[in-house]
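Look at the two complexes coming up: chain A is in both, with chain B in one and chain C in the other.
For the complex of A and B:
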């Protein structure tokens, strides 16, 4: 049981981290909590299902197209909706909450109540050191998640765009004085955050088929990870995701699987009691 | 001139309101509660299909009390608070005379309290938890499976018949899941079948750790009381972990294994999975079942899959029959009429139990089938009288 719980905890943790990264980025740079994050994750799953299953595109092309479309949609959402709410965090919260409800109902209307799943990239399972069988698709998802996380890290640390993002997250006014166009940067950041939700969606939807209301649980887990790790912290997201993944799996394995998600909340409460800003709170992006 | 115009508008308004009142009086309204959103939104779709066929059928056969039957639907989303308020809206806003439906036991348990308080007859179609009828409420009836009925009359008998020696029960943490899990444990213990239980989350997606526990027990059969998409995850992941088909999985609810996306979601791992159902085209108990299937195919261009469309169809017919026999929409008269029901529907002859003290009170249990997917064909395994084939293990 221990090796499986450890492996699955790490794999699921990486995926949690990926899902949370977009939330963290948008919070860190724009101070906006995107309640529709889960629904954009679901949208990417639907897109990749449509492109791969209905249009017959190669799964990789379908995934990239889905992420690209959600990135564009994210920018449109920022321009048309989020931009009007700057200066009042509560408005953006309410607006994205309403957006999530609208999207859920739109999915129900368009895609129906049944779950949809794009084709697996890798079928079958691997025998791990003779201890247990593990789904190949999960291993591939973990690998893809690590690649995306590494790309985000390198982008933040090594590129001009990343430096602008970090500068803006540290001090918006100073960044503006140094020539950063924060209006355009907000649009790109929100689109980028949505694209990260989409990346998690296309990677995970072959394992966990998407449903109209499936984004709620995704967003909830992402928020738990972000708060646990510390709002707006890159490493907070990664470590937070791994902690939640491991706690849930060991809790389910050794205590009760009927309360898998409760263990994550308990850890969150404990950490917040000790460190109110989260594990990596107050650290820069 | 102005005065004349005002009087004309007043008279026209009266005529308009009068005609509206007449039109409203020409229908008898009944309510349906069920999930149209949430994790079991597919049930709402099945309910809508069944309601359409049932109202067409009833209205084509003279309607109700000489009037047309009208159905008002309230979405409960599987949530007890929405269920209770939706039920209350149907009664107080829409003036329905009887309420039918529901698919989630936790929602139905909230609704029966409202039915009892408002004194409105409620016919539960597809919520299985025993306490729904075991509370012995005067206004609550169930024309559908109960947990104890499904376990004792079908699942436990099938497990013994197939000669399974070790069973694993997977129960989602809902009123339905926990209730049927406990009843299964008791029935299997009584039958001498070794068993263990694991409780899983209703909205759980990842079942790997549970499956590892199950694999360590090495069961012959897994009785999975997991509803909705969760069942698809469970079947696919059990296949990945090489647990099934060595251990045969029984979907203890049925519909998720019949949903159109089942094969897309579970792939080849769905082969040899078993399910509990009250519908199979080769085992139609009444002529009305055949008529239902024909009408369904004519209306929707495909064969019915989720049997809940048939459950609600039957419930509408039962309600219409009771209203016609009562000759009134008075609630107490309807309860009397329902208690004297003797009606043939798609799933057999309906009559409600009237002995208080257990879940059999106001309960009619339709016969259930155990079906196995064999190369994407449904083969009836149990009861033996209706069997169209035998269990395949590998």
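For the complex of A and C:
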């Protein structure tokens, strides 16, 4: 049981980190919590299902197209809804909460209540150290998650865009004085955060089929990871994802599987009591 | 006068209309108490429906397992909601803002998971059948009980926001640092608002549960939270009348469009989204702006 719980915890943890990365980036740069993060994750799952299954596209092309579409949609959402709320963190939270319920009901209307699942592109299982068999699809998802996380890291540290993002998250006014067009940057970074939700969605939908309300659990986990790690911190996100993944899977294996998500919340509350800004957080909110 | 009107109202209504009025009054209590927290102290809680659930399940379980009368159970449910609210308020006092919202979301989810998992006690999604408040079931009777509860809640809220406390609430919302420098105990104000608001949600949930006779995880769900939030936003957050107007309008409206299928949540969502984006002060805010225009020379 131990090695399986450990593997599950690490694999799921990476995936949690990926799901939380988009939330964390948007919080770090714009101080906006996107409550509809989970619904955008679900949307990407539906898109990749439609493109791959109905239109018969190659799964990789379908995934990229889904992420691209959600990226554009994210920018539209920023322009239409979020832009007006800067300076009032709670209003953006309320707006995106309503948006998430609207999207859930729209999905229910369009796609029906049934779980949808893009075709499995990796079948079979791998023997892990001769101890147990682990699904290839899950291993691949973990690998893909690591690749996306690495790309985001390199983008943040090595590119001009990443430097603008970091500068803006540290001090918006100074960044503006130095020529950063923060209006455009807000739009791009919100779209980018949504695209990361979409990336998690297309990677995971073959494993966890998408349902209209499935985004709630994803968003909740992402929020737990982000708050645990410290809002807006890249490493906080990765470590937070791994901690929550491990805690939930060990709790589920040794205590009770029904309370899987409760263990994550308990760890979060304990950490917040000791460090109100999260593990890697030093920002005052 | 409104009270007298509302008191005489059930005579002229049929059973179905009475039911709609009872449900509306439940939402009035929920929206008004959520508004006390969100609209007056700027703490957006996502656990309000969960506190209604605590009220309903505490009283319901006591009635089913111990045979306790709901007339005793509901006050105990209110106490329970107040205690949990106090605990969550204390937990969140270091954080505030977004952290508070996300933590309340977590609390709400924990509560939901517990109800769904402890099948032996709560009957999970099947719902728990509980006894009513009246020996003889009558809609008119429940109408008066709900009306009394709503009047008590609204009176508590009205007195709070029209006292020195209310000024402190607004000070905390507008500028926390300035308020604390002027001697307002920000943390105490916050925790107090959280506790009172949770207790009132517990009262609403308790009475509502004993009216429905069946309590399900639907009561403490995020969908319910969404309805309460939309009603407050559409009516007008941060005003006393806003949530009352919003709750009546949306509940009565939803009964009318229910015949068109399950589109009403989507429709409300779109209306709430538009209102929140373009008229963040809701109907009351729009009316005030309109009035100012008319009365200005």
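What we mean here is this: the second predicted complex is superposed on the first by the 282 of 285 C-alpha atoms of A that agree within 3 Å, B and C clash if a C-alpha of one lies under 4 Å from a C-alpha of the other, contacts with A are read in each partner's own complex, and residues count from 1 in each chain.
Simple rule for what comes next: contacts are C-beta pairs under 8 Å (C-beta built on N, C-alpha and C of every residue); 3 or more make two chains touch, one makes a residue touch a chain.
Keep in mind the model is a prediction, meaning the values are calculated, not measured.
In this superposed model built on chain A, chain B and chain C take up the same space, so to speak, and clash. Once chain A of one complex is fitted onto chain A of the other, the partner contacts of A:133 are limited to chain B, with no touch recorded for chain C. In the superposed pair of complexes, A:212 makes contact with chain B only, with no contact to chain C. Judged by the touch definition given at the top, the superposed model places A:98 against chain C, while chain B stays out of reach. Of the two partner chains placed by superposition, only chain B is touched by A:117; chain C is not.
In the superposed model, A:84 lies in contact with chain C only, and not with chain B.
In the superposition on chain A, A:258 makes contact with both chain B and chain C. In the superposition on chain A, A:273 makes contact with chain C only, while chain B stays out of contact range.
Using the contact criterion defined above for the overlaid structures, shared-chain residue A:27 touches chain C, although it does not reach chain B.
Note on the chain A alignment: of 24-32, 42-50, 78-86 or 240-248, the part of chain B that runs into chain C is 78-86.
Residue overlap on chain A between the chain B contacts of one complex and the chain C contacts of the other covers 105, 108, 256, 258-259, 261.
Within the complex formed with chain C, the residues of chain A that make contact are 27, 31, 33, 80-81, 84, 89-91, 93-95, 97-99, 101-102, 105-106, 108-109, 216, 220, 223-224, 227, 231, 256, 258-259, 261-262, 265, 268-269, 272-273, 276, 285. Within the complex formed with chain A, the chain B residues making contact are 36-39, 41-42, 44-45, 173, 198-201, 203-210, 212-213, 216, 229, 232-233, 237, 240-242, 259-261, 264-265, 267.
Listing the residues of chain C that touch chain A in their complex gives 38, 42, 44, 46, 91, 94-99, 101-103, 105-107, 109-110, 113-114, 116-117, 222-223, 226, 229-230, 233, 262-263, 265-266, 269-270, 272-273, 276-277, 280. Residues 1, 4-5, 8, 12, 53, 104-105, 108, 112-117, 120, 123-125, 132-135, 138, 208-209, 211-214, 217, 249, 252-253, 256-261 of chain A are the ones that touch chain B when the two sit in their complex.
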